[in-house]
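Here is the structure we will look at.
The letters A, B, C, D and E name the chains in turn, as written, and every chain counts its residues from 1.
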Amino acid sequence: MKKKGFFKDPMNLLEFSRFFPKKSGKTGKPPGTVQYLGKKRIEDVTINIATYDYLEYFEKTTKDVNEIKKYINKKKMLWINVNGVHKTEIIEKIGEIFKLHPLLLEDIANVDQRPKIEYYDDLIFVIFKIFSFNETKKTLTSEQISLIIGKNFVLSFQENDKDDFDIIRNRLKKSGNKIRKLGSDYLMYTLMDYIIDSYFIVLENIGEYIEQVEQDTIFNPSIKTQNEIYSLKRELILLRKSVWPLREVLSSLQRENNKLISKEILFFLRDIYDHTIQIIDTVETFRDMLSGMLDLYLSNVSNKMNEVMKILTVIATIFIPLTFIVGIYGMNFRYMPELEIWWFYPSLWGVMVGVALLMFFAFKKKGWV
Amino acid sequence: MKKKGFFKDPMNLLEFSRFFPKKSGKTGKPPGTVQYLGKKRIEDVTINIATYDYLEYFEKTTKDVNEIKKYINKKKMLWINVNGVHKTEIIEKIGEIFKLHPLLLEDIANVDQRPKIEYYDDLIFVIFKIFSFNETKKTLTSEQISLIIGKNFVLSFQENDKDDFDIIRNRLKKSGNKIRKLGSDYLMYTLMDYIIDSYFIVLENIGEYIEQVEQDTIFNPSIKTQNEIYSLKRELILLRKSVWPLREVLSSLQRENNKLISKEILFFLRDIYDHTIQIIDTVETFRDMLSGMLDLYLSNVSNKMNEVMKILTVIATIFIPLTFIVGIYGMNFRYMPELEIWWFYPSLWGVMVGVALLMFFAFKKKGWV
Amino acid sequence: MKKKGFFKDPMNLLEFSRFFPKKSGKTGKPPGTVQYLGKKRIEDVTINIATYDYLEYFEKTTKDVNEIKKYINKKKMLWINVNGVHKTEIIEKIGEIFKLHPLLLEDIANVDQRPKIEYYDDLIFVIFKIFSFNETKKTLTSEQISLIIGKNFVLSFQENDKDDFDIIRNRLKKSGNKIRKLGSDYLMYTLMDYIIDSYFIVLENIGEYIEQVEQDTIFNPSIKTQNEIYSLKRELILLRKSVWPLREVLSSLQRENNKLISKEILFFLRDIYDHTIQIIDTVETFRDMLSGMLDLYLSNVSNKMNEVMKILTVIATIFIPLTFIVGIYGMNFRYMPELEIWWFYPSLWGVMVGVALLMFFAFKKKGWV
Amino acid sequence: MKKKGFFKDPMNLLEFSRFFPKKSGKTGKPPGTVQYLGKKRIEDVTINIATYDYLEYFEKTTKDVNEIKKYINKKKMLWINVNGVHKTEIIEKIGEIFKLHPLLLEDIANVDQRPKIEYYDDLIFVIFKIFSFNETKKTLTSEQISLIIGKNFVLSFQENDKDDFDIIRNRLKKSGNKIRKLGSDYLMYTLMDYIIDSYFIVLENIGEYIEQVEQDTIFNPSIKTQNEIYSLKRELILLRKSVWPLREVLSSLQRENNKLISKEILFFLRDIYDHTIQIIDTVETFRDMLSGMLDLYLSNVSNKMNEVMKILTVIATIFIPLTFIVGIYGMNFRYMPELEIWWFYPSLWGVMVGVALLMFFAFKKKGWV
Amino acid sequence: MKKKGFFKDPMNLLEFSRFFPKKSGKTGKPPGTVQYLGKKRIEDVTINIATYDYLEYFEKTTKDVNEIKKYINKKKMLWINVNGVHKTEIIEKIGEIFKLHPLLLEDIANVDQRPKIEYYDDLIFVIFKIFSFNETKKTLTSEQISLIIGKNFVLSFQENDKDDFDIIRNRLKKSGNKIRKLGSDYLMYTLMDYIIDSYFIVLENIGEYIEQVEQDTIFNPSIKTQNEIYSLKRELILLRKSVWPLREVLSSLQRENNKLISKEILFFLRDIYDHTIQIIDTVETFRDMLSGMLDLYLSNVSNKMNEVMKILTVIATIFIPLTFIVGIYGMNFRYMPELEIWWFYPSLWGVMVGVALLMFFAFKKKGWV
């Protein structure tokens, strides 16, 4: 049997590996081994260093991790953003500079993590996922973002070299801004708010696609529709795996009475906590709707089959008896008196038309025609 | 393939956007930006100002937000009702007058919120949804209502210019009324009670429509029925998203020992808390029933197919063998002794009628005819 | 298309209104408005007054609510039982005599309540539902019972004029009975025990009906069976809505350290709490079984269709080729040598019988015949 | 329509009454009425009395309940085992001797109880179910076991006259045994351990039966298989109703700091608590597997139907056009030039064989043949 | 009916016994009886003894359990690893040496345990399962690992003679390693980390297999696919039963303030706790996806049936009327004027081709051809 080709481009099914963590390369290694486990990457890792207080702002992009040391200054806020975690020596070096726990470094490099929050003595460590929806392939791609918040510094690690935080750096540049007045907790909040807002865009994209698929399900159901529903369900499983833990992270941040989080920031955290609930709500709504759409699709397939059966039955039921009748007078018996009667043939036509009409109206009454 | 036109008016499917929040216009903006994200509106925003104590009642409708200041008076209750949140400068001005937190103002303008409650130092902030069921299009429309309760004032914001609270203002006008004796907490309760009562009307409307669809499912199942069930399920998903948080809001109001809520009002809040539970119960009951109706519909489709198959089988099974028999004596062999026997033709008729009757009774016994 | 008449008596589907509360007549009225919202009733409301202590018992039935005042006596237990809540003036009068909260009176008259318990300063207010199963129509009817327990009085309100509590009054009459020795809490327990026992009877009735439907599903599945399963599921949704809150009510009564409940009674309440759990268990079991029965029914429909298809296929597959063969020798070609051979016709019979037998045995092997 | 006889022995469906409590005989009776509600029984009730301490062991079987009094002795352990609860006067007599609460006696006689634990001042009262799986009828039978644990006595009541605890008495007889050294709590534990172990045997029996049904579902699906799956699901509903409460009972025994339970016994109770979790796990696993098996069965039915349809389609599609062709040359037109051509008949054979082969290979390519 | 042979090798279905505990051989035996209940094994049991401190490391493999005593030394860490639990006398001997509770020994030998943790006075006792996925038979095999952690010793018991912990012994050999510096808690953590990492490998194997089955479901659905989905669901039930308790075990280890666990180790335990959550997440994701795949498979079966029906209907609908037409002119009436007209036969051909084309285009428009 040849491939049915239900999907034009079967490529979007080959990314099944997004659904499970891949640690086989790591088993048996001692804990705390910093090892990159994601897709192979060869790009250079760039480091953005931003240091600021209410009066001044300074920014630099470098590839040399050792430059960081120069900017450590207890009086100013320091934000290090690292684009790329596939060069583990850079992560290890940063770990050394800021005295980070080896398990924390391991988690940064391992990009198959689930969103989570961990409290160390004088640090908060958060892992988030950021998603983008590929409009053509209709698949989600995720990127892992790790944040480390200390007394007067924030470290952020992104999986790829596309810098997501430019917009925030621009806001930082403008003096007199709230973000320049407040500490590392407000910078953390700003980054989180940005990350969580990005989910709304993904949800809008998916929502618009679901709308399209729903139209197809109702007006034009085909095998393509079925595969689209299946594929959407699959992507939502992926999304869902990342959004539920978001809620735990933010709820923990609010409850935990951490000294790094000032009271004023709690209001803002409550706000993004509400956003995560809204995101979860929407994901669950989408899942619910897709289930409904699958039911509708299957019901439509049944209805179509029913329609096909009815046509077959109407045709067969009308013509099979008529064919029998004409068969009778095709017999070659010598003694068939009807054959000799001149009005028998036209009358037979009358009978046959009558039978056909009778059946037709019977079917009409049953609503089959 | 042309559109099947399952719905007469496909318009009611175009409102899919009700199912997810649309924030893409906002991403990247700093938190606390007051921005309207709902449907485009051009109506003027009107402001109802009501100020009263046990002895006096005064009411005014204006379009000038600055008039509010004149009526602030610590000794009297003040109720400001704003019809329309699409002019954000009005919200910002009110925020300035009453010293409201910027995140709170942001939430008022963003009409894609989930119902929620927030406690500020000397304020309670509540967001509700009010629904109406369009009897023709069989769809729900929601409007967001925000309430801010302070020591001696209540602010209410409605999404559209249709004033929902006229009936309560009328009650306020009558002197000697309970509502005139008690403070802002009782006014808040009255507004909430009104909002929650409106759900019962929506539920009655939906209930009556479900009853109608149920009748169709049982006595007259068609593709229209299936689409109605699907569409009802869809609307209930929307409703459900808003009623579950209602319960949290009211349960929080009762538990939280807020100084703005006097003990006497707690009894009343318990009463509307009970109402929200009843609403949730009913929504869940409706969902349960619709699932049952879908099962019933599908079962009916199967039964119909079965019926169609039986008719086809009965007709085909009776006539196919007979057609074979008459086919035999239509053969042109020179040596077919039966053809010469004069009683063979009438006997054949006998045989054929016999076979047909036999089969008919066999099917009768199987219950197919 | 004409009505298929799946139900002989479609009346039992017209009671859909049992599934949602009907408050539309009430919206906009101030809270605390006592208004009857149930079925229209014209019967008179009768009031049973019973007053007793360990030594004496006195009972009276009246229609005049003012008579109650005469029997208020701090030293004796007083039990007022009101049959009918559609005359709200009676409820209001009683509320006045016993100084009841207006919201409580509102709840008594509104018979669409969910079972609940409320604690007032020196009162306990409980709402229950009592069910009866109509054996003919196979539907449930519910009646709302409200109980108010005070220091030395119990007030009970029944929705209709059928007095459910006769049996308890008879027990009261007998002196030396436990019920005469103990206070209002034991009377409350006795009434609750009676109400909850009535659920077991309803469950037995439904259980016996389910058994019957199960037999039909297995031995005699038809569209009637399907509708019975659907209708049973529907009734269980109704029942379930009332039994889950029962558990909350009784669990609250046990936990709450209310001064009206003496320690001795707690043992008895634990007993009826266990009963409610058993009731819930049984309702859930019934639901589970009905789901299983629906699956079984659908599977049987599939099996039947399969059987029909097999017969059609067997007949068609045997005769269609034979009809083709006889068709060949019905052709009128001048040069068909077979037609002239005398043994060809009998041999053809042999061939045809052979083909038919061969096919028959092939189907036999496949298990289709 | 005659009975289809899906089950050879329909008897095992008549025990539906196992699924709901039957209390109708009791409604309206005052609480504390000791009444037997199980199957009618006429056997005598026998009483095993065992009294022991570390040095001595004495055992007696009697039918006279008054003999118990002779063996009450504060210094020795006393174990009374009653086989049969249908003679309520015996239960009432024992209640009198040991001063048991009337509700407790009521629960012993009412064999439709759910497993539960209750703490009285100086007693623990436990109700368990013991199951046995009838290998022939494939149904479960349950028996209710009630245990009362006091300071130095244990009372056990069994529903039928089959003595389940012989094996434990034998262990008691042997001196130097742990059970002889320790108090009533260890005897209670031993009895519970015995009861819970009996569940594992039932699970093994059911497991082996499920394995058999699974084999049938895969290799030999028939209506019998479907009914077996349904019937197994039904029995598991029954089992499940009894095993979930077991867990609550044992968890409560561990948490509750009851003075009758010594600290040493807690270790043992944790052990049987683990067993109940394993039992629940297994029951849920079985349910999961049966759902999967039902899906598989239905999928197999669909596949079979598909196979049937394919054969019908292949045969009909090949022969219907051929029959049409031979029909053409059976027409009796005077002017049909083909009929006169000598090579037309053999060529027609060629054409027909060609068409048939073409179709056959088309179907082969589609994978239908 | 012969076996359909859906599975090439039906062997992988015979291991149903993995799904329930088998304790029937044990019922009635007193608690604390050490009895092996797993598969029959005849291999010798080997014992690895490792004793080390920061400076020295010594290792020995023996079959004589009495050798253990020689190495007990309060100053050094001792790790005993026992390969095989089927010789209960060895377990009992070790129990004697380390004074272990009899119930603990019973649990080690009973390899049908659920993962669990138990705290004894100066011991922690943990049971884990380790899985391996057989790539050929596509089934999971589990092995039970018991760990006992004392002040300065760790005992580990493996079910079979394949030594899983070689890799850790190699790490121990290297001096200067973290594992050599820290106590029994870190060794415990290392073993647990190793065990939990092994789950990721199993998940990768299963994930790759699911990917393959998904491809089949979409491009090449057959009965084999259905059986693979069923079989995968079955294996995931098994896996799930073991991974959920893992989480409880690790969460308990973190919460419980056990003196054997130093504060530093808690960070590491949190890390593997996160891993167990990820494992659970993945197992649940797999289950979700398999449900979706089953739906897709069934939908594909329906679609195929639909396609088959359409072909049958098209062929039958086109040819049945044509066959009727040719039947008419095969009749032998003497007075059929058409038969005599020379242009009637060719015109009939025209009519028939016309009818066929008309129908063909009607079907084309319906999208059936």
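Methods note: a contact is a pair of C-beta atoms (placed from the backbone, for glycine too) under 8 Å apart; a residue touches a chain by one contact, two chains touch by 3 or more.
Note that the coordinates shown come from a computational prediction; the quantities given were computed from them, not determined experimentally.
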The assertion on chain B/chain E checks that the Cα superposition rotation, as a multiple of 5 degrees, is 145
Fraction-based call for chain E against chain D, same above half, different below: different
Averaging C-alpha coordinates per chain, one finds the centres of chain B and chain D separated by a number of Å equal to 42
Between chain C and chain D, what is the gap in Å from one C-alpha centre to the other? 26
Going by the touch rule set out above, which residues of chain D reach two or more other chains? 1, 302, 305, 309, 312, 316, 320, 323, 327, 330-332, 336
For the chain D and chain E complex, residues of the former touching the latter: 167, 171, 177-179, 189-190, 193-194, 197-198, 200-201, 203-204, 207, 210-211, 214-215, 218-220, 267-268, 270-271, 274, 277-278, 281-282, 285-286, 288-289, 292, 295-296, 299-300, 302-303, 305-306, 309-310, 312-313, 316-317, 320-321, 323-324, 327-328, 330-336, 368
Under the definition above, what is the set of chain D residues touching chain C in their complex? 1, 3-7, 10, 13, 16-17, 19-24, 26-28, 30-31, 101, 103, 107, 112-114, 116, 118, 223, 226-227, 230, 233-234, 237, 241, 294, 297-298, 301-302, 304-305, 308-309, 311-312, 315-316, 319-320, 322-323, 326-327, 329-332, 336, 338-342, 344-345, 348
